[in-house]
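Paired with chain B in one complex and with chain C in the other, chain A is shared by the two complexes that follow.
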Partner chain A sequence: MVSGKPGAHAGAIRKSRNILMTATAIGLASVLAAAGPAQAEDEQVKIGFVTFLSGGAAGPFGVPARNAAELMIEAVNAGSLPAPYDSAGLAGKQIDALFVDENSKQKNADYQKLVEKDEVDMVLGYISSSSCKAIAPEAEKAQKLTILFDCGTPQIFEEIVTDPKYTFRTGAHATMDNVAAARYLVDTGAKTGSYAGINQNYAFGQDSWRDFSAAMSQVAADAEIATEQFPKIYAGQYGSEISALLTAKPDVVHSSFWGGDMEAFVIQGSTRGIFERAKVVLTTGETAMHRLGTQMPDGTVIGARGPHGDLAPESELNSWFRKAYFDRFGTLPTYPSYKMAQALLGVKAAADKAGSTDQDAVIGALRGLEWEGPSGKVSMALANGHQAIQGTAYGTYKYDKDAGKAVLVDVVRYGAECVNPPAGMNSIDWINSGFEGAKCD
Partner chain B sequence: MTKSFDKTEWGLLLALPVLICLTFVLPAWVVNYIHVSLGTGLVALGVMIQMRAGLVSFGQGLYFCVGGYTAGLAGKFLGISDLFALLVLGLVASVAISFVLGFLLRRYREIFFAMLSLAVSMILFGLLSSTEELGSTDGFNLPQATYLGWAPEGDLGETVLYAATCVVTILLAFGLNRILRSPLGYINEAIRENELRVEYLGTSARQAVHITYVIAAAVSATGGVLWALALGHVDPEMTNWTTSGQFVFVSILAGVGNIAAPLIGTFILEIVRVYAVEISPNTWQMILGTLMLLTIVFLPRGLWSLTETARKKAGSNGSAQVVAGE
Partner chain C sequence: MLTAVAIAVDGLGFAAWLFLSSVGLTLIYGVMRILNIAHGGFYALGAYTAAWAIGLYTQTGDTIALTYLIIPLAALVAGVVSGLLVERGILRFMYGRDEVLMVLVTYAIFLILEDATKLIWGTDSYISYQPAYWLGTIDVFGLPYTIYKFLIIGVALAVGAALYGALNHTRTGKLLLVVIEDREVSRALGINVTLFFTVTFVIGATLGALGGALTAPEISVVPGIGAEIIVMAFAVIVIGGMGSIGGAMLGALIVGFSRAAFVHLYPPAELFSIYLVMAAVLAVKPYGLFALAESRKI
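Entry: the complex of A and B
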């Protein structure tokens, strides 16, 4: 560098400048090109979709949700859905979709950009409860219709936004999964002398265990907690926790593990016999049942965070959805796909009912709305018509050797009002009060 | 006094009114990105002043998070929403923690310093993620900021918070520039070059590193307070290694040539990310990665070195031969 080859050095600088400039030019050109086809705005309704497109939650949740969104948007635009959704578009307007990665540090700034720069008519998305907590107040501030489709924390309308005007959630919150799991064990006559939990040490895992153990002390009063294990999320290795479960000898093992962690637990736990010695309840087991096939032990209790996937009741819409999804993506839709489809159909039902995609009209129609999703009836019953409730179901896993595929037997369905708190009541208070006002058949 | 202002300081003083006026000129979403970039930019500044001493902190998210959570906890449990009080609390917490940790960290250099700072930040991540009372991984929300009893709401509230963020950021950048020009700043550069000689010359390298570490922590925590107030939400992701990695990423991308580089670099990176997501939502990381690679290959001293080559070219009247051979 001192005296060596001065010309080369200057040349390198010039070259690097040129490359950078070219890169910038290409970047700018593509931005401008992307901004091009913005005509015919009046006939379109622009929706910003936010799900995980990268990171750990993309595989099990974000991408299946995005796939379902793509499928549903095409079908809605073409009007190829079964009745009553067979009219094209949202109140006649075509959907123009915009996808954003939820895996971002600046979620609120990204949200504002969607609202102000991209001028979306509504935002539909958010899988992580942390995102929802940050976005819900932002949506109220920005006065933009925002539909949360998946995140589970009951806090959204119980603590964060207590008087929502623009925020909706079209999926039931996580309390339902664990209350129904406890009820299912009792209803199917499982032995419940003692129970144990293995849940990830983060918000969803802690809340799930809290709700499940509270529900168990209501439905099976003399059941005792054998052990509670909280391994780290994404740990992948559960040798010592499985040992602890085996020594504690519980009758029931509850787990809200999801995605890769759950599959790892099933594979590691089944080889060590935990599934034979105890009744294992997997509240999100549905996403793995077809992937694991024979590796999943028979008799495992499987949930899908709602009556989704294999737990969905038979209907024309459900068969259409499963077939269309399978034909396009080569796998069956899992519950994130169902929840996305459910959210979009809710929007369609509201817009069609209002006969307009005007924000106030859609909000007015969506508040307190009831509609049929691929997994049955959804009603916006809580939080002044902004929070959905839905029935749920649990089943027991069985591998059907003749057909060569996994099936669920002993499916028990629970009505929405049996496993969800009534309006104006906090979830945990409701469980501890002995499910006050619950209507079960 | 004024004659001792250098170019950077004049630049910073000029930038303050310009930054604040931007809120009336640019669309709100851009101002919003500037706002959050100033918060995270301060943390990148903290990384950068340590880089001057040859130390790469892979755990600066620790103090970003300490700042954010201090503000959050004060709001949640003590009902404090006053910006000035929150800034002071964030400062006190970060200085106390970094002073104690500094005794350990000042003994390590290079990869050992990087790994140890990373480890400490991940301990906090683990603690916060498993604390149900603090919302675990979901975190919790912060109240709207107030100013000595004045509580502006809505758009005005955001503008005031933005202006306050600008003022604090510029003041801190100004102060840090002074520190870089002070004996401590030069000792740090000497430590990077040859620590042994620094010791022979009669200065304690460890003490200098300790002081730098505490200063970096204080700046980062301030960034954390401001960022958390802008977002209205904190979660343990703030101290996850991926967040810390981004601060290092920014420092490398922007370069350590000037105090303004990490602030501007953070914003540029943010905007590039926004457009990358818009162009290709599924593979935007590839665009960022390519940019990073191009920068390292062609601008090993960061984007800021572009301004230096431009200045040299102008100064030497086009005779690149002389410049290169200096």
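Entry: the complex of A and C
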């Protein structure tokens, strides 16, 4: 029998409604709680970043690159970059970053861990040519999208992985640096009767010297090699090599030294007068020019492995990048920072174009892509669309005493197709052919 | 002629640096029978302390003379503090253990010191060229050499002479030679072996730090310099005979001159020069040139 009290009936209904609502709320909450992370994970793209966080290359390269990555990830996720990069995320997905130290004796194992255990969607990294030589075949084997953002040796797609599917390099290789250096010497009227090299004894140093000396024999046919020095990487002491350079009396000294080695060479060489007796070309000099200040002799030819840093052309994106970087880290970005930003923007441009962060979609869009980085246009023109080319620039160092800072004067810019080989041609064959097909204005 | 002069001066300069950087290692091995891989860490600490202190001092715009005092002071502070911490804090609990275990322990200490330098000074390079730059250069048959390089040669000679004199012509030195010969008998004779060990280790660490501090004005002080020196220092003391001060000096000279000769005469082989020399010496004298004789105990 139903209770005759209407209030009791209403109360019963209210009670069951409350129970129902509570149950619904708990049910909904648990469904949402369960779906929450899944949904969040679904909207994230996990990228493993590998740069030097310790060791001799951390200060000049690894840390500036990581700083740029942090800055760019935040800006990409927030959608606060200038157009055309002002949409949030990579094809709408937020970047979840994982940083790994490149200064490791087990680079391949670290890479495998990123791919298999951490399950990253892609790997973006590697500064050293040795690292890239080890990782490029590993990336193809693991079938994981891997973007090399810096390392310079042209061997990667010319000898190591000749038919890449998963490996890309978004920065130009070192052939560009050395062909442009040789052209710059001739274009600025430097005396080039004889030239010498001092380069680190590993892939990047050896390839840099090979390309520079081959380019010199094309642009200054009468020039002779005075001496070739290949000290051990991180040697730090170059007394004997500097004596050898002094006794050989070259007109030009070429060096692809970087980091502490380059700084040590400048300190030791400038004190002993090698910079006064010869025109010294430092292909990576830009990373240290502000740090060395007056210790870097006026007249040194400075490169930045592309038109980066002080050699970057003016643009809205460049101004934004320089200001944002300076505001956050208190120093201006050097070329490793530019190259990291360039790589991330390439990935964003590819993902946005494909409308997806699915690996195959990004690979398809990145192959042969052209995009604007903070230092200008980048084209994936070589190695079947997997290797970038870009224009570059060289300048001559001058310490501006009035302003109290280092500046670059007599800057000469070179178009991408003037200083990079054409598609389908190996760097050294292209140089030896007399730069066949080069387009120089 | 010019090449011969260059080989002579370059070889001597490099040998002096090698000797300063490795003599502490051979001293510690000679007395304590410890293959001290942490030596590279002391070298780096000395270099960082000196470069940092010189940088701070030169910012004040004061007179230059004091920077030459900062170098040994930095070495002393870095060497004594870290040497005492390592010896009293860790190593004394390990004495008497197998030599191989001590290698692992000192390797662990080296890794800790590497991280400590990174924690204190970060990953940026430190440049303190002023002491090397201010002394200027002298002309040796047309080749300009920094006077600072000759200063390092002088310090290396002084350190070598002081160690030789202290070991052979002082009472403490002679007691130390007794400790080296036989620890147990020394203890029985009432010699404070523990104190000798502590002092020896601190002196060894300070010599390592001095090597780094003196080198700082010539290089860019960056993370990883400690690891680089270890290989060179081990090669030098192995060639000379581990534990021998004179051997370290001769080993440094051999490596220094051969490296200079390769750089000037056949640069492509420079990378292997140190290993070629080491292999050649060890083929003839497997324990090095001045290996200490081991007394056999019944």
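One rule holds for everything that comes next: the second predicted complex is superposed on the first by the 402 of 441 C-alpha atoms of A that agree within 3 Å, B and C clash if a C-alpha of one lies under 4 Å from a C-alpha of the other, contacts with A are read in each partner's own complex, and residues count from 1 in each chain.
In this section, contacts are C-beta pairs under 8 Å (C-beta built on N, C-alpha and C of every residue); 3 or more make two chains touch, one makes a residue touch a chain.
What you are looking at is a predicted structure, and each value in this text was computed from that prediction instead of being measured.
Student: So, does A:S54 touch the first partner chain B, the second partner chain C, both, or neither?
Tutor: In the superposition, A:S54 touches chain B and chain C alike.
Student: Of chain B and chain C, which one contacts the greater number of residues in chain A?
Tutor: Touched residues of chain A are more numerous for B.
Student: Classify the contacts of A:I267 with the two partner chains as first (chain B alone), second (chain C alone), both, or neither.
Tutor: It touches chain C, and chain B stays clear.
Student: In the overlaid three-chain picture, which partner chain does A:N201 touch, first (chain B) or second (chain C), both, or neither?
Tutor: Touch partners of A:N201: chain B and chain C.
Student: Does the superposition put A:P231 against chain B (first), chain C (second), both, or neither?
Tutor: Second partner only, chain C.
Student: Between chain B (first) and chain C (second), which, if any, makes contact with A:S129: first, second, both or neither?
Tutor: After superposing on A, A:S129 lies in contact with chain B but is clear of chain C.
Student: Regarding the shared-chain residue A:K141, is it in contact with chain B (first), chain C (second), both, or neither?
Tutor: first
Student: In the superposed arrangement, which partner chain does A:D298 touch: chain B (first), chain C (second), both, or neither?
Tutor: The answer is neither, since A:D298 touches no partner chain.
Student: Contact-wise, after the overlay, does A:D429 reach chain B, chain C, both or neither (first, second, both, neither)?
Tutor: The answer is neither, since A:D429 touches no partner chain.
Student: Can you list the residues of chain A that meet both chain B and chain C?
Tutor: Touching chain B and chain C on chain A: residues 53-54, 201, 230, 232.
Student: Show which residues of chain C lie in contact with chain A when the two form their complex.
Tutor: Chain C residues touching chain A: 2-3, 6-7, 9-11, 13-14, 17, 114, 118, 122-125, 127, 129, 132-133, 137, 143-146, 149, 215, 218-225, 228, 259-260, 263-264, 267-268, 270-271.
Student: For chain A, which residues are in contact with chain C within the complex?
Tutor: 53-56, 58-60, 62-63, 103, 201, 227-232, 234-237, 239-241, 243-244, 246-247, 259-264, 267-268, 271-273, 291-292, 295
Student: Where on chain A is chain B touching in the complex?
Tutor: Contact set of chain A toward chain B: 2-3, 6-7, 9-10, 12-13, 15-17, 19-20, 23, 27, 30-31, 34, 53-54, 99-101, 104-110, 112-113, 115-117, 128-130, 133-134, 137-138, 141, 153, 155, 160, 201-204, 206, 210, 230, 232-233.
Student: Where on chain B does chain A make contact in their complex?
Tutor: 27-29, 32-33, 35-36, 40, 126, 129-130, 132, 135-141, 154, 230-233, 235, 237, 243, 246, 270, 273-275, 277-279, 281-282, 284-285, 291, 294, 297-299, 306, 309, 320-321, 323-325
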